[in-house]
Structure formats: C-alpha cells, structure tokens
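Take a look at these structures.
You will see two complexes here that share chain A, one where it goes with chain B and one where it goes with chain C.
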Partner chain A sequence: MRKILLVIERDLKTFLNHKILLLMRALWFIAQILLFGLIASRMVVVPNYFEYYAAGVTIIILYSTAVYIGYDIYEEAEHGIVEYLLSLPVSRKELAIGRSIGGGLRSFIYVAPLMGIVLALLGVSNPLLLLVAFFSLFLFSFGVAGMSMTLAMGIKSADKFDILMGVLDALIVRLSTVMYPQIFIQQTNPFYADIANFNPLTFASDLFRWGAGLEQYITFSPLVSIMAIILFFSTFTFIGVVFYERKLEGGGWE
Partner chain B sequence: MNVIPYIIERDLRRFYRYKWWLAGMISMNLADLFILALVYTKMVKFDYFKFFSPGVTVTALFAAAFMIGREVNWEVRRDYYHYLLSLPIKRWELAFGRILSGGLRGMVYMSPLLLTTFAFLGFPNPWQILLILFALFLLSLGISALSITIATSTDNFEKFAVMRGVTYYLLFFCSTVFYPLDLIKDISKQGIIPPFLATLAEINPLSCGADLIRSFLIGKPPFSINLVFSIVIFSLPIIAISSLTYVKILQRQR
Partner chain C sequence: MNLSIEEGEIFGLLGPNGAGKTTTLLMLTTVLKPSEGTAIIGGYDIRSEPDKARSLIGIAFQDPKLLWVDRILDVLNWHAKVCGLSRSERKRRVEWALKELELWHVRRKKIHGLSGGMRKRIEVAKVLIQRPKIAIVDEPTAQIDVVGKYRIWNMIRALRDEGSTIILATNELYEADELADRIGIMHKGKLVVCDKPERLKDSIPGGDVVEVHTEKEVSETVLKKLKSFNEVAEAVVIKPNHLRVHLNKAEKIIPKIMEVFFEERIMVSSVNITEPSLDDVFLHYTGLTIEEAEKLSPIR
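Let's turn to the complex of A and B:
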C-alpha cells in the first residue's frame, strides 16, 4: 500500500510540473464560462443555460485533465523512463494501480477549486446529493485515466496516439450533453443522441448537475447515471491496470 | 526576393510534419460544424449553422497561421537563428518569408473549410470570392505576423505559452466567430460584460473576416468596406512590427 502511495505521489508531482498546461487550462475554463457561457446564455432559448453550461465545462476540464496521464505514460516510454520505473522496488501491479489512481486523483484535485467556483455561482441546495455526485465524478476521473492509459499503452506510434486523442476529444465532448441538453441533440440527429446516451461525459455531467440542483436538465435518473459511471470506472480501471501491467512485461511499451 | 519561395517551401513542408495537430484540428473543426453548430441551430432563433460556418473557417485560418509562432519561438530559444543567418538569404527576406509562409499555411488549411462553407451556404460571385480571398490572406498574414511578434518577444517558453494562450482566448471569445455583434453589444449595454469587450469584438480582425464572408453569403451583417479596412489596419502595421522584431532578434548578440 505504501508503494502505491509513492507512485501516486510521484504522479501528482509530475502533474504539478506541467504548470503552464494547468494555467492555460484554468484560463480556458474562465474564458469559457465568463465569456462564452455568459454570451451564449443570452443567445439560446434554453432557460438557465449559463448554469447548465458552467456545469458542463467543469466536466470537460475534469475529462481533459484525467486524460493527461496517457501523455505522461507515452512520454516515459519515449524517453526511456519506463526502464527506470521497472528497476524500482515496486511490483508491476502496484505501479499500474498507482498510475491509475494517481491519474484520476490529480485531475480531481486540480478541478476541485474550479468546481468550487462553479458551485459558488450555481449554489448548493443539497450537500448530501453533492457528495454523492462528487464521489461519482471521482470514479469517473479514475475511469478516464484508465481509458487513457489503455490507449497510451496500446498504440505504439506517437502520431497515431496524438491523432486518436485529438479526434476522441473532439467527438466525445460534442457528442454528449455537456454543452447542450439531450432533447436538442435528439432533434438534430437521433444517431448523435444515441451516442450521447452511452457517453460517460453525459452521465458525469448529469450527476454534477443533479448534485448542484439543476435537476430539470438531467437525461437519466441519478441511479442510472451512477450505475453507468461505476460500470465505466470498473471496466476501464480494470482494463487500464491489466493492460499497463502486461505491456510492462518484456518491453511491450517499446 | 527569389529566395522567399524556398523559405515558404521549407515552412510548408514543416507544416505537414504536424500530422497529429492537423488531424486533431480537422476533426475539431468538422465536429464544431457538423455537431455543435447543428445542435445550436435547434437552440437559437436563427440558423446557427449558417452563421457559424464562416466563423469556423476563420477559426481554422487563425489556428494554422498562428502555428508559425511556435516554431519561431523554438528557434529563438535554441539559437537556431545562427544557422538561418549562415544561409545566403537577406534578413528582411527571411523575416518576410516567415510571415508569408505562416499566412500561406493559414490559407492552405482554411481553403477546404471555406469551400465547405460555400457548398452549404451558396457561392458568392467571382468578385466577392476575390475580395474574400484577398481579405482572408491579409488577415492570415496579420495573424502570422502577430504570432511571430509574440514568439520573438521572449525566449522563455512559459511566458510565450501564456502570452499565446491569452491572445488566443481573447481574440476567439471576444469576436463574432461564435455569436453576433448585436448580441455582444446588447449584453455590454446591460452591464453583463465590460464595454471594452464589445469594442474589442467589433474591431477584432477575426470578427471582420467572419462578418465579411457572412455579408456575402447570408447578407447579415450587411457588407461594409470598413470590414476590409479593419483587416488592413490590423495587418499592415503588425506585419511591419513583426518584420522589425524578427530582424532584431536575428541580429542580437548573446
């Protein structure tokens, strides 16, 4: 357990080294909410769109920072740091579990103050519901970290990995309910709505809105969303840990 | 003067080495157009797809033309200009060649999106097409020059990244790329955003580029020669400033 904590601590410190990335993400977040969110909320016919959008942007930033563990793993493979990690007195399983937890935890720690700002804007009606939502988002960020680890270890070309992450980022955000309510996606194209209904970002944004008291816009009942997030978390954390552990054997990352 | 094509050829070849970036950008632009804009069309009282198509075109132009600054800053940090100075090229040719190649990158990348916009919104007459291409090329040169000016103003990557990010977000979100100018002015009058942001949106060259295309394709805002003048007023001085700062950075002693 102590060794897993050391791996987590290392990942947290690595993350804090990306100061510029973190600063730019925070600036992006502020611009999205205070400029796009404010102006777009006067353009659309959706009541309380500003609150809706602010909650959605929080989920986007949680997703995009949790994904970053994949880039770190990729860089380690490219710069020969994996060999160093393997030489440490830490088992492969501990390393894999530590990376998965560290990847999710660091994104949650980073997003927590930004979430606090959004909650200050939205107001909190029921702290208990918010706690349940936070717990689910915690699992969501672990799941995203696991997914990112799986992709980073599964794709050996740096170009292909970057392309895949770029395309995935473009599609997963837009084909979800983070920026617009499900009813409008359904009206636009039922196929888009079908994808959005299986998108983990839809469940995560539903839960955050539910926790913050914006129930009128949630797509699924909170129970369904919690179950979906648990399924997403268990599947990708399991796959991510197993895949990372296996790829570490015999130079599978090279 | 006859060496400038070589500089352009080199920079265009380097541009296609960023395959991952291009793939990510293309997917982002297409997802913005065919998912986000279509869904927003259901959420607003006007055809957002038609409104946003010219905006995406200008977004693409900006992103591709702005990319040159990243390379110039890398060259400044790594003292790569010693090699550039050893080439049989005059300094002003090098400076102008870099600005020109940055501008051409913007045009090359933007062209398929402009064609897509024409395909969906209708083709303007040949004179209007010529005016659009002239204005967008000038805009692209101005953006390239702006990016080079920022890149040469510091040899600290972190400062450069922050300056680049702030410029990027200010120009994007305080523009008519995403929302109409009337709306921004209304919101400003209501005191929701500070008045200087509305002024910035009005004089923003990205707004002028997007509104020029809109004026010919959807008739709103109506065409005004001021749209072209604004781009000229932005681009010519910044090209001159950028050339001077680039030459100065080439001549510095360390």
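Let's turn to the complex of A and C:
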C-alpha cells in the first residue's frame, strides 16, 4: 500500500509542476464560462442555459484533465522514465494501480476548486446530493484516467495517440449532453441521441447538474447515472491497470 | 554470456557502444525480459521472482532518466522514499549526496535548467543515496569533468566498501582499469573474456615491453640468455646500445634481466618498462581497437 501511495504522490507532484499548463487550463475554463457561456446564453432559447453550460464545461475540464495521464506516459517514455520506474523496487501491479489512482485523483483535485466556483455561481441547494454527485465525478475521473492509460499503452505511438485523443475529444464531448440537452440531440438525429445515451460524459454531467439542483435538464435518473459511472470506472480502471502492467515492459514506444 | 559476479567486488563490464552492456544491465534490473536464459540475483531468478530481485538492485542509467519539470530535491527525495529509507536517513543521505556531487546550491532548480553533467550527477546520486546490495552504474562519469570523475570514482569505491556489489559498465578503458576488481570484455553481444585486469594484461603474449639502454654494445650472449627465459617472447636490438624485450610479468623478471647484464659486465644506463593497457587487451581478444569496434557497432 505504501508503494502505491508513493506512486500516487509522484503523479500528483509531477502534475502540479506543470504550472503553465494548469494555469492555461484554468484560463480556458474561465473564458469558456465568462465569455462563451454568457454570450451563448443570450442567443440560446433554453432557459438557464448559462447554468446548464457552466455545469457542462466543468465536466469537459474534468475529462480533459484526467486524460492527461496518457500524455504523461508518452513524456515518460520519451525521457526514459519508463525504464526508471520499471527498475524500482515497486511491483508492476503497485505501479499500475498507483498510476491509475494518481491520474484520476490529480485531475479531481485540480478541478475541485473550479467546480466550487461553478457551484457558487449556481447556488448549491442540497449539500448531500452534491456530495453524491462529487463522489460519482471522482469515480468518473478515475475511469477517464483508466481509459487514457488503456489507449496510451495500447497504441504506444505519441503521434497516433495525440490524433486519436483529439478526435475522441471532439466526438465524446459533442455526442453527449455536456453542451446541449438531450432533446435537441434527439431532434437533430436520433442516432446521435443513441450514442449520447451511452456516453459517460452524459452521465457525469447529469449527476453534476442533479447535485447542483439543475434537475430539469437531466436525461437519466441519478441512480442510472451513478450505476453507469460505476460501470465505466470499474471497467476502464481494470483494463487500464492490466494494460499498464502488461505492456509497460518491452519498449516499442514511438 | 555466462558470468558470475562475486559479492563485494567492483565488476567492470567493458566494451564499445553497441556491445550489449546496457541491454545486459536492463535485463538484470528486470526492465527488459531476456529472450532466453536467465540471471540469479542474490538467490532470486529475474524471470520467476523479478520483484524480489529488483528489491536488491539500484541502477544509475547511462542517460539520466529525469523529467524536465521536476526539481532535483523532489527527484532524489522521492527516489529515497520509494527505496524504503526512513525520513531521517533520507534527509541525511540526500544532503550528503547533493553536497558531495556539488549540487546542493541548485537543489531547488528544475531539471531543464541544468547542464548535461549536472543531470548525470543526479542520476548517479540516486544509486549513491539508495546504497543497494547490488549497485549498477552505467557509464557513471560520461559528460563529467575530470575533478568530478575522480570524486564519483571515490564514491563508487566507498559504496563498495560499505557492502555493495558494483557492476560498472563503461567504454572508458581507463575507468575500468582504475575501478574494477574484475573486468568482463563484451563485443557484439558476447562476453569475450573475464578476469582480473592484471591477469588480462598478462594474458597477452609479450605484452610487457622493457627498453634497456646500455653504456656499451649489447652482445649476442646477452640476447641468447634473455631469450632463454620462459617469460621473454622476443628480444630485439634496436641500436647497438638499445635493446627492446617483449615479455610477460615484467615486474618479476626484471631482476633476472639485470643479472644477465651484470654477468656480462655491461653497464645499464636506463630501463623503461611499459605494461599493456586494456586497449591492448581489447585489441588482443577482439582483433579491433575499441574505436574500430564502435564504428562496426550495429547501433551506430
């Protein structure tokens, strides 16, 4: 357990050392809410669209921050850190579990204050619901980190991973209820709505809105969303840990 | 490769770039899985018990394994923690290593602001702080200035004296000669020869060269007597009063050579002894100089 905690500690510290990146992400987040959110809310007919959008952007930043662990893996491969980690008196399993937890935890820690800002803007109605929603988002960030680790270890090519994550980001964000309610997706194309209904970002944004008291826009019941997030978390954390443990050795990085 | 390394020795793995030294070390540290064969480290098989084998090993890699955004102190503290050092011991050893390697003044700096030599010293510091049972150092003084080289050599010797077994991979022949108790020469992925440096040098027939300058002409009798010694491979008259003798174990036979000149009443004005270097040993066993071997390396 001690070794896992140390691996997590390393991931947190390394992440916090990327100060420029963190600052830029925070500025992006603020600009999205205070510029795009405010302006778009004036031209969108959906009532309280600003609140809807602010909650959605919080999920987007949580997702994009949790994904960062995959990029870290490539940076480590480039600088030879993979060999260093493999040579340490830490078992492969401890290393893989530590990386998965570290990747999720650090994104949640980073996004938590931004969530706080959004909740202050929205006005929290029920702290208990919010805690449940927070916990689900906590699991969501681990699931995303696991997914990113799985893809990074499966591809082992920085360029391909970068392209894939760009495309995935475009699809996974836009084919979800993060930025627009499900009813509009359904009206545009029922096929899009089918995809959005299975998108973890839909469940995560549903839960955050539910916790923040914006339940008029949620697609699924909170219980369904929680179950879906738990399934997403357990599947990708497991696969991510297995892939990292099995594929870290042997080189082949591009 | 079939090799055993004794506990408490400094074993030098010598060979040109591309000989397979680093690959061997990566297999020993369980970073790479051997395609065939295995190694036993402190009783643990690297294939079946890699975690236990790894618990005995520490390595300073050839290329520093550092993230540019990390700070020196954080890197070394975390390394000490993960290697199981207590808080007080960690603090003591990290401070000691940073001061000894002249990194104390930059300890809070990020890696990207450091020179190549400084980064290399941080890499070496990891293993010096860890003090593992088996310490592997891969070209520990590459990119390091002369003063720094001597300091690191002394620290490696001190590490051995404290009980660590050292495996030193290097392509610097002088470094291997200076530090290693035994040397294994690698070429094209194979261990060509392995022994103590003196015995490797003695294994070259006529490797020692003794140059004798005399007051008067060297006689045929002298030549005949010298050639009768088993250790003498060849004796050549360069000039009438200048003799060159190719032999083995010069340090043992010099008194006998002097005795021959004394018997023949020839005054010796000077004697110069040259031992073979590890370059000569490498050349003898591979047929190539280390520079030639590097040029032929598939990794280039």
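As a working rule, the second predicted complex is superposed on the first by the 248 of 254 C-alpha atoms of A that agree within 3 Å, B and C clash if a C-alpha of one lies under 4 Å from a C-alpha of the other, contacts with A are read in each partner's own complex, and residues count from 1 in each chain.
In this section, contacts are C-beta pairs under 8 Å (C-beta built on N, C-alpha and C of every residue); 3 or more make two chains touch, one makes a residue touch a chain.
Owing to the predicted nature of the structure, the values given are computational and were not obtained by experimental measurement.
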First, second, both or neither for A:Val124, with chain B first and chain C second: neither
Which superposed partner A:Tyr84 touches (first chain B, second chain C, both, neither): second
Which of chain B and chain C A:Ala112 touches, first, second, both or neither: neither
Which of chain B and chain C A:His18 touches, first, second, both or neither: second
Chain B versus chain C as contact partner of A:Trp28, first or second or both or neither: first
A:Gln187 touches, of chain B and chain C: first, second, both or neither? first
Dominant toucher of chain A (residue count), chain B or chain C: B
First (chain B), second (chain C), both or neither touched by A:Val224: neither
Touching partner for A:Glu9 - first (chain B), second (chain C), both, neither: second
Those residues of chain A which chain B touches in one complex and chain C touches in the other: none
Touch list for chain A against partner chain C, complex: 3, 6, 9-10, 13-14, 17-18, 75-76, 79-81, 83-84, 86-91, 249-251
Parts of chain C lying in touch with chain A, wherever the complex brings them together: 26, 29-33, 51, 54-55, 57-59, 61, 63-71, 74, 78, 81-84, 110
Residue numbers on chain A that touch chain B, as the complex places them: 19-20, 23-24, 27-28, 31-32, 35-36, 38-40, 42-46, 158-159, 162-163, 165-167, 169-171, 174-175, 179-180, 184-185, 187-189, 192
Interface residues, chain B side, partner chain A - complex: 19-21, 23-25, 27-28, 30-32, 35-36, 38-45, 157-158, 161-162, 165-166, 169, 172-174, 178-180, 183-184, 186-187, 192-193, 197
